[in-house]
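Chain IDs A, B, C and D follow the sequence of writing; residue 1 opens each chain.
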Amino acid sequence: MRRVYLDHSATTPVRPEVLEAMLPYLKENFGNASSIHSFGQDARRAVEEAREKTAQAIGADPKEIVFTSGGTESDNLAIRGVALAKEKKGRHIITSAVEHHAVLDTCEQLEKQGFTVTRVGVDADGIVDPAEVESALRDDTILITIMHANNEVGSIQPIAEISRLAREREITFHVDAVQSLGKIPVKVDELGIDLVSLSGHKIYGPKGTGALYIRKGTKFKPLFHGGGQERKLRPGTENVPGIVAFGRAVELAVHELPEEARRLEVLRDRLMDGLLQRISELKVNGSRIKRLPHNVNVSVIYVEGESLILCLDMEGIAVSSGSACTSGSLEPSHVLRAMGIAHEVAHGSLRMTLGRDNTTEDVDYVLEKVPAIVERLRSMSPLYGHREGETVVVQ
Amino acid sequence: MRRVYLDHSATTPVRPEVLEAMLPYLKENFGNASSIHSFGQDARRAVEEAREKTAQAIGADPKEIVFTSGGTESDNLAIRGVALAKEKKGRHIITSAVEHHAVLDTCEQLEKQGFTVTRVGVDADGIVDPAEVESALRDDTILITIMHANNEVGSIQPIAEISRLAREREITFHVDAVQSLGKIPVKVDELGIDLVSLSGHKIYGPKGTGALYIRKGTKFKPLFHGGGQERKLRPGTENVPGIVAFGRAVELAVHELPEEARRLEVLRDRLMDGLLQRISELKVNGSRIKRLPHNVNVSVIYVEGESLILCLDMEGIAVSSGSACTSGSLEPSHVLRAMGIAHEVAHGSLRMTLGRDNTTEDVDYVLEKVPAIVERLRSMSPLYGHREGETVVVQ
Amino acid sequence: MYSDKVMDHFRNPRNVGEITEPDGVGMAGNPVCGDMMELFINVDEEERIEEIKFRTFGCGAAIAVSSILTEMVVGLKIEEALKIDNKQIADELGGLPPVKMHCSMLGREALEKAVEDYRKKKMATAGV
Amino acid sequence: MYSDKVMDHFRNPRNVGEITEPDGVGMAGNPVCGDMMELFINVDEEERIEEIKFRTFGCGAAIAVSSILTEMVVGLKIEEALKIDNKQIADELGGLPPVKMHCSMLGREALEKAVEDYRKKKMATAGV
């Protein structure tokens, strides 16, 4: 059976060049980067090279890069790190309603510790209005944390505009760029941001790797304590193979971005338009313009997302959904809800995120398979009109 | 040139079986363990299998295992997790003076937040006296955190005895078993402990992997917030290849322990005795009996550790030292100092930690090379008696 | 995630569809919550469930629960059928993930509603 | 960690040893702190450093600093030699890791002490 992986926003395989770069550090070059002997010094050099590559990819200085165990840690480290360092100045944080849970839940935790959090909403396309951020500003606002691009609907936020608001008031600005890295340019000075979360496994690097950019001069407190690694900002024996792999993955992703983004956009539009042509009562979620080049998100009315995923999986097609049933909760995706999408429509959402290995043939295979699956599930659905004039209106 | 790696307490290479186990999860089985499709379900199965292996190796239930990014995170997670969950009951913590910095610095951080920390001392062999722990107990003691075996001098602590004290008073007992795992048995019920920190890269698993055992019923708060992974105790996309590798590494380490420990002990004693025979004014650091099977730690009087490391490195021999100069601080190892070893002797300490790949030939090669190096450095040292009757006494 | 049995019933659900003039129809759940089931029954003189059909909007578990329920109750007397509880349904499926246990309730509830509907209709007929 | 130049001087330290009857001896650092240097100098009539030897207990940087210092000052007049500061020593070695900069002070201090000792001895001799 053909297998078509369309869940690159969930995770990606490690690409061969990255695997090749990391393997020696799992095997013969296995030293601890803090050791003085040559095994250690080889490891140290590799770590610092990866730091340079990472810095260069986002237009930063190597000293501003801290390696972490992934996007979740980077988000936690960034938000708690700034909040706890600046709490004497103020305890107000601004974020958005469509952040990843690593950001939302960290903010919620800070709320329990006495911080105040304002969550600005988004429009129907999932995009934050900078004016809303502006009106949320307070004298005691110390931190704004808004994602660069959304993981579910791929909407791209107006970071540079929000940054201007933060700059004028010396508010620290953190951006979760886990989904945007390698898809659209992430340059810290152009965006005007102070902290950036990055994750390896979304860009063909290994899981359990990531980084946090911290602009020089940013007030900051670490989350871990221990050996002095990462200039005490993130102690723990350096994951040398992971760091090397991460550095290589970032380098490749950013280097190939212009060409690959264009290629993905073509596939994305072929997929999205193809679905719209073939399936009635299909709703596109998110902006068609301010959108990541690899993200397709649609709601299949009258059908529930998890059963769609399972049916597609039987045909070798891997996708995801913002349906509540994929997470075991009763509430569907907070992102779709924040966009004002009705529960019953959100339950039928289908996210397809394209990647390096996907081809036009893959897209056409999906377009061939999806309609019959939708038809079958709809025929089983009590919501879909089986007797004339009886369609239950769910929108 | 022959290369003899004798720094296995710093880190180890990934062994072939472990690499083989993890590779598929970097390549074709790359799914996100939280995804519903078969890529995801394959990953989920692999993670749960690794959890079972880990649990079995330490006599725990799989539900009691949380995967982390390494020993440092496990220590931070354990200590902060318990302290913050139990702070209403009390704010007193007992630890020892010879813990790893991941424990010491986390305790210090808690001190800054209003906790009180008692650091019990050790005897000349580096061993904690349970009676001292007992007298440190207070009504508001909520946590005891003592390492199973020391990373520098290999001394093994009387965990089971300390556990009895903790049990009687319902005090949570955390044990850092990063160095003991795979070297001596680590069984949670036999030791009577509530939390155990483990790290992958000390047992031929990859860096950036580890686990925390949390006994069922232990009051606990997480360090990260985000997606619900690891039952919310440690969110973040699971490092599937890392977890698989960790599980396999633990399984192998514990399975091979009895035989390998015996083999290492023989090498260790050959190395230690051989050094004592060949080098005058050499001091063994740590107990010769309650000692990890792979640890040799000696002080070469009149010589500084870092230069010893560099000279040995030129002969292909990788070792470490508790000298201040290896860490860039002025104070030598807090462990050696806590054992009452004079600064000038601590500066000359040399740690050699044996591993799977070391052979009798390796030991003999080291025994052949070390004396001349020591002689050369001593001849350069102003502390060593060059003119008759002028030896500076440093002990 | 799901047992083989769940996947089998999800892949090949038994008794999908509707009965044109059923003795009873029951509806449980609602689209806002993400699952909804419609159950049709025909009952013979001895109050034995002769024929049963369902339509379900919902996740894999919801569909599998619907399917197995129809198999479990067909041929049973109504009273016996109503004795089947959520746990039995889940067990019959080889277990359900904890977060999906609520789906097993859906089937039970739809069956109760269908029986209720049947009794109401019968009373109405009897009344004629 | 260390530059090639540091490693070269560590591997092959120049002017190791002692001068049996030196014009001046200086000692800096102490074993408790982990580094200690003993410097011997012979000075000619023009106060030029004719011969210089050292013994050092310490890390790689301490030994390399000792070695390069002897090379830097040999042939210099005492006054010129004393003008060399820590930074110049570190630079001459192709840089030192930040945590090791203190080692470069060690050399300076030992040299000062040796010159002091030489002057004291000279005064004593002159006094005779």
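The rule is short, and it goes like this: a residue touches a chain if its C-beta (ideal position, glycine included) is under 8 Å from a C-beta of that chain, and two chains touch if they have at least 3 such contacts.
Small disclaimer: the values here were computed from a predicted structure and weren't measured.
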Pair joined by the larger number of C-beta contacts - B-C, A-C: A-C
Chain at maximum distance from subunit A, centres defined as averaged CA atoms: D
Approximate Å spacing (C-alpha centroids) for the pair subunit A, subunit D: 57
Chain centre separation in whole Å, for subunit B relative to subunit A (CA means): 35
Approximate Å spacing (C-alpha centroids) for the pair subunit A, subunit C: 40
Interface hub residues of subunit A, defined as touching at least two other chains: 36, 306, 310, 326
Set of all touching chain pairs, with the criterion as stated earlier: A-B, A-C, A-D, B-C, B-D
Of all residues in subunit C, those that touch subunit B in their complex: 1
Subunit D partner contacts - residues on subunit A that touch it in the complex: 36, 41, 44
Subunit C-facing residues of subunit A, complex: 302-307, 310, 314, 323-326, 328-330, 332, 342-344, 347, 379-383, 386, 392, 394
For the subunit A and subunit B complex, residues of the former touching the latter: 5, 7, 10-14, 19, 26-28, 30-32, 34-40, 69-73, 75-76, 100-103, 105-106, 108-109, 199, 201, 206-209, 223-228, 235-242, 306, 309-310, 312-313, 317-321, 326-327
Residues of subunit D defined as touching subunit B within the complex: 7, 10-11, 13, 16, 18, 27, 31-38, 55-63, 97-100
